Structures are given as C-alpha cells and as structure tokens.
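The two complexes that follow have chain A in common; it is paired with chain B in the first and with chain C in the second.
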Partner chain A sequence: MIAHLIRSLLQGILVILAVGLIAFSMFRFVGDPVASLAGQESTDADRAELTERLGLNDPFPIQFVRFLAKAAQGDFGISYRQARPVADLLAERLPATVELAVLSALFAFIIGVGLGVYAAINRRGLVANAVMVLSLVGVSLPTFLIGIGLIYLFAVELRWLPSFGRGDVLRFGWWTTGLLTETGRKSLVLPVLTLGFFQLTLIMRLVRAEMLETMRTDYVRFARARGIPERRIQFRHALRNTMVPVVTIVGLQLGSVIAFAIVTETVFQWPGLGALFVNAVQFVDIPVMAAYLMFVAFVFATMNFLTDFVYVLIDPRLKA
Partner chain B sequence: MTKYGKFAIALLAATALTTAAADARSLKWARSGDSLTLDPHAQNEGPTHNLSHHIYEPLIHRDSQGKEVPALAVSWKVTDDASVWEFKLRPNVKFHNGSTFNADDVVFSVERALQPTSDMKGLLTSVEKISKVDDLTVTIKTRGPNPLLPNNLGDLFIMDKEWAEANNATKVQDFKNKEENFSVRNANGTGPFQLVSREPDVKTVMKRNDGYWGIGQVPLEITELVYIPIKADATRLAALLSGEVDFVQDVPVQDIERLKSQQNLRVNIGPENRTIFFGMDVASADLKGDSVQGKNPFADKKVRQAMNMALNRTAIQRVAMRGQSVPTGVIMPPFVNGWTKELDAAPTGDVNAAKKLLADAGYPSGFNVTLHCPNDRYVNDEAICQAAVGMWGQIGVKVNLVSQSKAIHFPLIQKNPPETEFFLVGWGVPTFDSEYIFSFLYHTRDAKYGSWNAIRYSNAEADKLIESLSSETDKAKRDGTIAKLWALFKEETLYLPVHHQTLAYAMKAGFDIPVDVSNQPKLKYLSFKTN
Partner chain C sequence: MSIASQPGNAEAPKGLLARAWDSDVGYSFRTSPVAIAAAVVTIVIILATTFAGFITPQNPFDAATLNLMDGFTPPGEAGAGSGMKFSLGADSQGRDMYSAILYGSRVSLLIGTASVIFSLLLGVTLGLVAGYIGGQIEALIMRIADIQLSFPAILVALLVFGIARGLIHPSLHEQMTFIVMTVAIGLSNWAQYARTVRASTLVEKRKEYVDAARVIGLRAFPVMIKHVLPNVAGPVLVIATINLALAVLEEATLSFLGVGMPPTQPSLGTLIRVGQQFLFSGEWWILLFPSAALVIIALSINLFGDWLRDALNPRLR
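Right after this comes the complex of A and B.
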C-alpha cells in the first residue's frame, strides 16, 4: 500500500514538472511582455535593455530551471502587470476562487443528487422529464451565456442581486470571506449558480443513470420480495451504491472547478485566480502565468493523489 | 405653532435633507481595465495615468479638449538661453499628508522619472538637467533648444520627496527586485482626490481633497470617487443599467443605440486623439509574404495609391464602426499642431481608377500579400481589417489576413527589423504636435528615432527636417517645415489612413461627462446637474 501511494506521489510531482516545462515552452507564443511593459516612446535600445533585464533572451529551459530554483525558495518573482510579488497575488486571490468553487460544488452536488434521484424514481413523470430536458440545455449552453442571462434577469431587470464583484468581505488573517456579510452573500448567488450549473446537470444525469442501473440489480429485487418498504430500498440500499462513482467524479470535478473558474470569474468580475490569469495572459505577465499553471497542476495532482488514497481505503485488494 | 409651525419644521427638515445630499455625493466609475500601478513613473499607459490624474498632478495638464491648463506650475517660459525653460510653481499647495509642495519635489520627481527603470523617460529624452532656483522656481536645461518641452510634461506627475524618502520609494519599480515598491499601492499627491483604499482589479476608493488648491476654480463636487474595473463589456453595461455604477467608459459601438434609448441614461460621443491606419514595407527589395518574385509591389508608389484608392472609408465607417468614427486622409488626429482640413480630406474610393493604377504599375491581375491585424487593441480592429481585405480583393489584391492579440501583434512591428510587411496600427499623439508622429513613424530607424517605423521608409532629407523640428524656436518657420513634411509624406502615400477613433462614455442622465480626447476623463470638472 505504501508503495502504491509513493508511486502516485512521484507521479504527481512528475506531472507538475511536465506542466511547468510545457507552459514555459508555450510562453513565447503568447507574445512579448516587453511590448506591454515598454511605453510607446521607448527606443529599440530601451526594449533590448528591458528584454535583457527580464532574462527573456535566455533559452526557455534555462528560464524554466531558474524559475524552479527560485520557486523552490518560495520566490515566484514580481508580476509584470501589477509590480507586486506573485506569491502575494495568488494568496490574495485564492480565497475568492476557493469560496466560489466549494460553494458551487456543494450546490451542484446537493441539487444534482436530489434531482437525479427524483428523476430516477419518477422515471415517467412529467416533472422528471421536464428536468431532464432542461438539463440538456444546461449541458449545451456556454457558461458565459448563462452568466450574462442571469445578470440581465436578476441584476438589471429585477435588481435583486449585484451584477459584479464580491461585495464586502471580512478578513481573517490572510483569508477573506464574503459569507458573513449581506452584500457578500448576495454577490455569491449568481456566480455560484453559473459555475455550478454544468456540474449540477452532469451529476444529476450520472445519479439518474446509476440509480436506474442499481434499481434493476438482483439485490433490489430480492429486497422488494422481502417486503422492505420502497423508500427504504431507494435511499438505504440503491442510493448508497450509486454514490461511489458519483463521489469520485465530484472529487475530480472540484479540482477542475477551482482551476477553470476562469469564464465565470471574468463574467462576474470575480477577483479570483481565474480573472488574474486572464489578465496575465493578455499582458504576457510570465511570472503570474507560470505560477498559476504550476498551481493548477498542483491542484490536480493533489486531487488525484487523494482519490488514489480513497481508493486504497475502499478497495481492500489494493492493501495487499 | 399650529399649521405654520409644522410647515416650518417640514421646510427645515427638507432643507436639511438637501444639504445632506449635497454633502455626500459619490460617483462610481467603471472602465474595462484597472490602473496597473499607483507609482506615477512606472507605466506610461492610459488607464494608469487616468487614475493617477485624480491623485497626483503634473506641472501642466490638459483639459478634455486637449488644451494646456496650468496645474502645479502657474507659468512657464523659455529663458534668454533658448535651451533653458523656467517654471514658476504654484504657491500654498499641500500634499495629502500635509507637507508643502515646493521646488525640491519637482526636481526629485523629474529626476525619478529619468531613472533607467522609469517608463516615462522616453518623453524626457531632451532633458539634461533640472535645477531648483528658489522654493517656487525650477529650470530645466535641455540638450539644445526644445520648444516642445511643456508638451511632454502633461502626464509627468509630481511626488512628495520627503514621503518617497521616508517610505523607500525613491526608485521606480525594477522587475528584478523581489520587493514591492511602497508607491505601487500607496499614494501621496496634490490632486483633487485622496486615496482611501486600493484593491487592484477590484476597486479604488478616493475621497475629495478638501484642501485642494483648485477649489473655487473647478467644481469638485464629488465627495467620494470609486473606480471599478469591469472587464466583460456585457457586465459593465449591466452594472450601469442596474444602477450599480454611475459612469462607464469603453462602451462597445454596437451597444450605443440601445443605451441611448434608455430614458435615464446619457451617452456622450466624441473624437479621441488616435488615428487608425495601415502601414506597409515600402523599401525592401522583395517581400517574403507576397506572390511576386524578386520585387516589392509596395515599393511602387502607384501600387500604394491604388491600395489607398480602393479603401472605401465611409463603408468601413458604416459597416465596421456603426457610424462611430471619422474617416480621414492623414494619420494625424485633428487636435495636433500641423493638422489642416485639406490634409484630413479622405480620398473617395474608386475601384476603376485603382485597378488602372495597378495595371500601370505592372500588376494587372493583382498579387497576394499577408496583413497583420490586432484583434483586442482598437475599436473593432479586426472588423476594419476584414472590411479592407474585401475592398482590396475588388482590385485583385488578395490579402491573407492574420488577426491576433496585441501582445503578439505589436512585437512584429517593434522588432528591428520588423517581422511584418503589412499591418494595422493606431497612433495617439500625447504631445499634440506633428513632430511626435514624424520622429516615430517616418524618421529613418536608428538609436534615437523611428522605433515604430515598420514601413522601413528612409529619406535623409526628411530626416534632417524632422530633427530640426525639435530645436526650432521660430514658430512660423517650424510650422512651415511641418506643412512641408506632411505634403511630402502624403504625396508619397506611405501609410493608408482609415479613420480617427471616437469614444463613447455612458452615464446616468444626471451627469454630463464630456469625452476626453486623451480618453482620460478628469472628474474634478464634473458638476452634478440640479434637475
């Protein structure tokens, strides 16, 4: 078992390094930061000097090794765009993204499982079928359209909720939260709905399919034959067995929700990591892009590792 | 105390209400991008200067029409030595922290802006030395006479020397350092607003500087100014429609009509100090990206004239810009010294004449060429290129369009030698003088000049005339040289002008914020309407 975990840990580190290397080799195609950094009046000599000062003349493997060496000491450099240490920027933006991601994952999980079970039990019901059709819309509509639609409905027409930002946040040490203020909670509603909508439909369809499958298995039939009440069969026996694959998917999806909240954050001007990354790409802010991509790789590697760990706990065969 | 008494109380209460409303007037202002830094010398970039103009002040600033207005200097003149300018400074001005503004601060700030890591040094290349004469007088010595020096000082902000020293902010941010410079998120200026809090990319809160020297000269009615960057166009407009913000910049042209139809909103439209045009390699012996072997079609003036004639500028204005642009025949915005109506007259599109010119030049069936275009820098830039490509197709010039992000597009132009042979670019003139256009876009590329001359044009005689402009103090003679240069360049058809860009600002109907030609609205001029 230890060997299995060590192997997946090593795999994770390898993935992070590989992502970093690929990212660095791609930066030259994003553009030249000097064009954004040097003012309109800069001369050729000014630009050349700035390129040299930023170390952009070195081949990318050297830039990558230098980045790794510094990153190992906790130094991710200074953002070109904001002239602030990248580590500070990431730490400042992380709470907004995590709060949004965790809440939308919870929202998607609770509503998704509920609706999925409902749709499975009332397979031929009118409501269940309507929900299934709606969920198709959810899967096929792009996130930014959902976001803008919600903004126009709830912010512009009804004026119930704010259209952008995080509202007032409270600070605890380096962590910030909008959950404890009214404007903060109001601001969370639309981004959470937008980001969670796709996950919700995914979970719902998965739960429904799994549940239908389980309801056809022999042990459910035997349970019925024994006269166990239908509710008990559905929730005690069938749902439990349905949840194993669902939880795995939700765990992996949480990683991608944290990493790719980019569209939702841009639409709602949400001050999280995704918005930071979008701005960094447009400015060719290499230190921020590099640190962000490494962070994303880290999140995925960690999620993968945790999943492996859970498998070991669940599956006795892996303990051998 | 019966009827009248109650009435008097009600009246009193009503008055109290109106005064309270007059006391607290806040303005929430949204734009697509945030200021990059509060350090006034670290980034020479529009939104950054725009925010800084509310907190810091230069010696001389420009109003919304681009007219020079005294700010921290009350007067300026060339001394008997033609290469020395003298500036008389405004007395009794205090920084936000209470310290007094004087000549030491000006000397410190100009020297700071001249540091190698400063992004403002490009506008100060002629400055040799700045000296303090007395507490309220400074002189700037230039390398040879420079009649345009004041034009270069419009975004050169003055910091408090003692404050910078106390906070270790005497140097402009160097990206090699690990530390954040104190001046990046803190500010102490003399401007109409004082910084309260700043969260980059979220919001910047400022309050009125009640000790501002200009109170009485400008309205300065806003007590709290909140600057909010909102990147997504739809969200920014939604925030205005829902009343969460009061004033937005960067309104997409396709939304103007819809906003205008709203009763409670106002849209102001005006020209910007920026012209959009195409440039092409007019000098190389052969183009790499064309279908013509061993020859450069753009080196032939007839071809350039044909390309120019094929452009139907009014169609571009109508289709690509929804009417929001001013077609032009010169790559100079109308506010710039040297601009004339005759130069600005746009040639009418004439496909047959263009075809004939092309045939005369030896390309009766046209040729193929590649055009580079940005897609996220100017208003509808990619649509302009697409429209133009269609128009050139009508005369047989088949253009392969490459549209990409500005971060990739501009390096193609800036590299020496340039990596593009045909491109779209826009040009604003912060000094409001033709010399700025000539020296960057027409002068032969060398260490000092021509850093944007990607058309590879080189004319020794013109170079000499351009260089003479920076030191010619006789205005009439200088203007004569400018006119001569424009006549020459227009005759040569070196760039293909498209239009002057216009800007749209949308706001609640209670405000009337004029479009600023530099796209830097200065909100100390804003007064609240009393309707």
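Right after this comes the complex of A and C.
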C-alpha cells in the first residue's frame, strides 16, 4: 500500500516537472521577455543589462532550475499586461474559483449519485428513462450553451437571479467569500448549476452502470438468498462497491473542473482564475498563462494523490 | 471468349455498396431509425454548407450586400431597407441569419474535420511507432500522451492558441487563425488515438503475418504502414467520428471565449458570442438559431458515432 502511494506521489512530481518545463519554455521562447519589460525607449545597453539581470545569458538547465525554485516560492514574475506580480493576481482570484468548483462538485456528486442509484433500481421506470435521455442531451450540449440557457430563463425571463459577477463578498484576510451574503449566494446558483451539470450527468451514468453491474454479481445473489431485505442489499452491499470507481472518477474530475470553470467563468463574468487565463491567452500574457498552467498541474497532481489515498481507505482489499 | 460469359460463373460479383448493404453493419444500420436519421441530418448539413453560396439569399460577409436599414429584422419579416424577406431574421448589421448560419457551420465543420485529420495522423503515427518499435521511444511517447490526457482538451487548445499568438506576427493573426485553430484542437486530442493504436499494435505485431513480412526482408516502416495499420484502423474510425462532434464543440467553445475565429470569418461559436450581446434586449433570434444549429450538428454526429461504435463492437452483436 505504501509502495502504491509513493508511486502515485512520484508520478505527480513527474507531471509537475514536465508541465514546469513547458511553462518555462513559454517564458523563454515565446515573445521576448526583455522587450516586454524594457519598454520602447530603452537603449541597447539597458537591454543588455536587463538580460544579464534576468539571468537570460545562463545555460538553459540553470535557468530552468532557477525558474522551478522561484515557482515553488510562488514567484511567477510580473504580468506583461497588468504590470503586477502574477502571484498577487492569482491569490486575488483563487477564492472565487475554489468556491465555484467545490460547490459544483458537491452538487454534482450528491444529485448524481442519488439519481444514478434511482435510475439503476427502477431501471424500467418512466422517470428513470426520462432522466437517462436528459443526461444524453446534457452530454451533447456544450457548457456555455447551458449557461446561456440558464441566464435566459432565470435572469432575463424570471428575473430571480443575477446573470453576472459574484455579488457582495465578505473578506477574511486574503480570502473572500460570497456564501455569507444574500447577493453572493444568489450569484453562485447559476454558475454552480452550469459547471456541475456536465459532471452530474457523468456521475449519474457511471453510478447507474456500476450499480447494475454489481447487482448481477454472485454476492448480491447470495445476500438475496439469505433473505436480506432488498433495500439493505442495495444500499449496504451494492452501493459500497459501486462507490470505488465513482470516487476515482470524481477525484480525477475535480482537477478538470478547475479548467472547465474557464468557460463557466467567462459566461457569468465570474472574477476567477479561468477568466484571468482566457484574458491572458487573448493578450499573450505569458507569465499569467505559465502560472495558471503550473497551478492546474499542481491541483491535478494533488487530486490524483488524494484519490489514490481515498481509494485505499474505501477498498479494504488494497490495504493488504 | 471472355471469362465472365462462361457457364457456372453467371452470378456477377456484387458491387461494394451492395455488399456493404448486406453486411452485418449494413443490417444494423437499416434497422436503427436513430442511425438513419442521424446520418440523413449529417449529410444534409454537409451538403447545405458545401453549397451555401447557391442556396442562401446573400453572402453574409460581403459588406456590399448588407443593408444597415435591415438591422434587427425579426424572423419571417421583410427588411425595412432592402425589402428582402429574412426567414430567420437579421442581426444588428442587416445580415441574414440563415446565410450566416450556413457559412458559419461551414467554418465550424471545416475546422472540426481538419483538426480530426491532424490528430488522427499524429496519434496513429505515434501509436504505431510506440507499439511496433517499443523501448525508450515507446516510454517517452506514452508518457507524453499520459500527461496530455490528464489535461482537459479545452485547456490544451487554449494554451496552444496563446503560444501560437505569441510566435506569429500580429499582422498575420487573422489569416492564420484557421490553421492555428486546427493545430490547437488537433494537438489537444491526439493522445487517445495513440493509446488505442499502440494497444492494438502490440497485439498485432506478435501475429504470424508480421513475422512473415519481416522474414521477406521488409523494413519496419513498410510493415507498419502496409500490414499493421489496416488491422488496427477499425477502432480508430469510431473514435474519429465521435471526436468530430467533440472537435466542433471545442471549436465553438474557443470561439465563444473570444480566442477563436474572428467576427470577420465567424464560426458558429463566434455567432453565438455575438448573439449573446442581444440576450437582454429581446433580439432572441440572433442567439437562438446559431445555438440550435450547433446542437443539431453535434447531436447528429454524436448519435451516428454511438451507433457506429455499437455496430462495430463484436461483443454487442
């Protein structure tokens, strides 16, 4: 088990190093960092001095190690466009994205598992079939269209919920939250639904398929033969085994939720990391792009590791 | 006397189409209404977008044919400026939405198809090389594929787009967008092909026909292309069909985010991005019709791909 976890940790480190290499190459080879920082009226001497000061004359491996060391301390340089430290920009926008991602993952997990179990138990029921057809439509609809549809229904027609921004937020140190104000909570609803919808359909279909598979296994048949009530078999025996692959998928998804938030944040003008990244791509703001990439890689590697860890906790067979 | 007229050989060999119709896959197609509907819709859309110039009332991106007085004409009504009838309405500049959607779908489908071909070529080549040659090269290719697969396609495409923006001179941005989009979407989807092809190549290369080809002195490359490739191509085609729908949606998403096709040569995503500005002012047709077109295209390709996957899957027969 420990060997399993160490292997997973090493894999994560490898991913971060590989992404770090990409991020560093972007810094080094896309655009000209000296030209971006020195301004138009600089002399050749100024530029040479800046090149030396930035360490751009050193060999590639040394520059890479220096980049990694700085990145580990949260130093990603200065945004070309906004002329502020990238780390500050990220820290400012992190709470909005985390709040959105965690809430939508929770929403998708709770509703998705519930609907999946329901659809598996009442396999031939009318409601279950309707839910399955709806989920197929959900997979085919791109996220941004779902967002626009929700805005149209709840913001334009019904006027119940705001269509953009975070509403009023409260500040605790460097963290900001919209959960404690009414406008903040209202502003969260539509983005959370939009971001959670795709995962919800995915989790639901997965839970249903796994549950149907498990209900056919021998141990369920024997449990029935022993006269254990059907509900108890479904929830205590079958669901527990169903959860193993589901937890893996959900864990792996959470990393990509951060990235899918890019689209949701743009639709709802949500002041999070994804919207920052899209802006950075539009204006070729390399330091912000590189930092976001490193951030996603880090979140992804962490989620991967945690998933493996939880996996061991849920499945006692792996403890041996 | 020709061979065909000899007695005993009277039954002419059937044509390729007839044989396809009689095959298992053909039977499965004939008996699946969903597959037929999806195929018909897909073909109609492809024909309509290909011949868009002949079946639309105007070229929506030739400014000379636009009349500003026609702006915001509701669907089915005649424009105030030109008197032309707009079946799906007109946008803020008097552009016929029906024409704009057909031209936009053409851009979307072209980028989708081109990027699928790009990732297909890249992924199949790398997968063949990894599976057939093995060793360090295989380890390297598959590691890169792992890393790529762990990042969502949309993120990879955004990144490639941003990097290309930085490398290409700003004056060339507009004309290069098509190629940049193709490469960006293609680079974000190759890993799946590489994995599939590598797995089937590992199985195929142990078979006797590969040994035989090697024994007669063929080098690695011809063996891979002429002998192994045809035997690993089946699953790849299924992935390609489903990926076409994904690529069209990915392109639409990128253009919607404002990092794709510019408004001068819009795809469906760009049209939706523009239409979203009129969501609150009541001109619903500028947004609704391009969105519906996108959903119909993605859904019909998806359903067709689903059917193809089931039809070619021997376990489900």
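Methods note: the second predicted complex is superposed on the first by the 247 of 320 C-alpha atoms of A that agree within 3 Å, B and C clash if a C-alpha of one lies under 4 Å from a C-alpha of the other, contacts with A are read in each partner's own complex, and residues count from 1 in each chain.
One rule holds in what follows: contacts are C-beta pairs under 8 Å (C-beta built on N, C-alpha and C of every residue); 3 or more make two chains touch, one makes a residue touch a chain.
Keep in mind the model is a prediction, meaning the values are calculated, not measured.
Student: Between chain B (first) and chain C (second), which, if any, makes contact with A:109: first, second, both or neither?
Tutor: A:109 sits against neither chain B nor chain C.
Student: Identify the partner contact of A:164: answer first if only chain B is touched, second if only chain C is, both if each is, neither if none is.
Tutor: Touch status of A:164: first partner only.
Student: Have a look at where A:53 lands relative to chain B and chain C in the superposition and call it first, second, both or neither.
Tutor: first
Student: After superposition on the shared chain, which partner residues are touched by A:67: those of chain B (first), chain C (second), both, or neither?
Tutor: neither
Student: If we overlay the two complexes on their shared chain A, which of chain B and chain C does A:82 touch? Say first, second, both or neither.
Tutor: After superposing on A, A:82 lies in contact with chain B but is clear of chain C.
Student: Does chain B (first) or chain C (second) touch A:277, or do both, or does neither?
Tutor: second
Student: Any idea whether chain B or chain C touches more of chain A?
Tutor: Higher number of touched chain A residues: B.
Student: Could you tell me if A:30 is touching chain B, chain C, both of them or neither one (first, second, both, neither)?
Tutor: A:30: touches chain B and chain C.
Student: Using the superposition on chain A described above, determine whether A:43 touches chain B (first), chain C (second), both, or neither.
Tutor: Touch status of A:43: first partner only.
Student: Which holds for A:156: it touches chain B only (first), chain C only (second), both, or neither?
Tutor: Both partners, chain B and chain C.
Student: Intersection of chain A residues contacting chain B with those contacting chain C?
Tutor: 30-31, 144, 148, 151-152, 156, 266, 278, 282, 284
Student: Which residues of chain B touch chain A in their complex?
Tutor: Going through chain B, the ones touching chain A are 36-37, 39, 42-45, 116, 119-123, 125, 173-181, 184-185, 199-203, 228-232, 234-236, 238-239, 241-244, 376, 405-408, 410-411, 414, 416, 428, 430, 440, 445, 447-448, 451-452.
Student: Within their complex, state which residues of chain A touch chain B.
Tutor: 29-47, 49, 53-54, 75, 77-78, 80-85, 88, 144, 148, 151-152, 155-156, 159, 162-166, 266-269, 271, 275-276, 278-279, 282-284
Student: In the complex, go through chain A and note every residue touching chain C.
Tutor: Contacts found on chain A: 14-15, 18-19, 26, 30-31, 137, 139-145, 148, 151-152, 156, 255-256, 259-260, 262-263, 266, 277-278, 280-282, 284, 286, 289, 293, 296, 300, 304.
Student: Inside the complex, what are the residues of chain C that reach chain A?
Tutor: Within the complex, chain C contacts chain A at residues 143, 147, 150-152, 154-155, 158-159, 161-163, 165-167, 245, 249, 252-253, 256-259, 272, 276, 279-280, 287, 291, 294-295, 298-299, 302.
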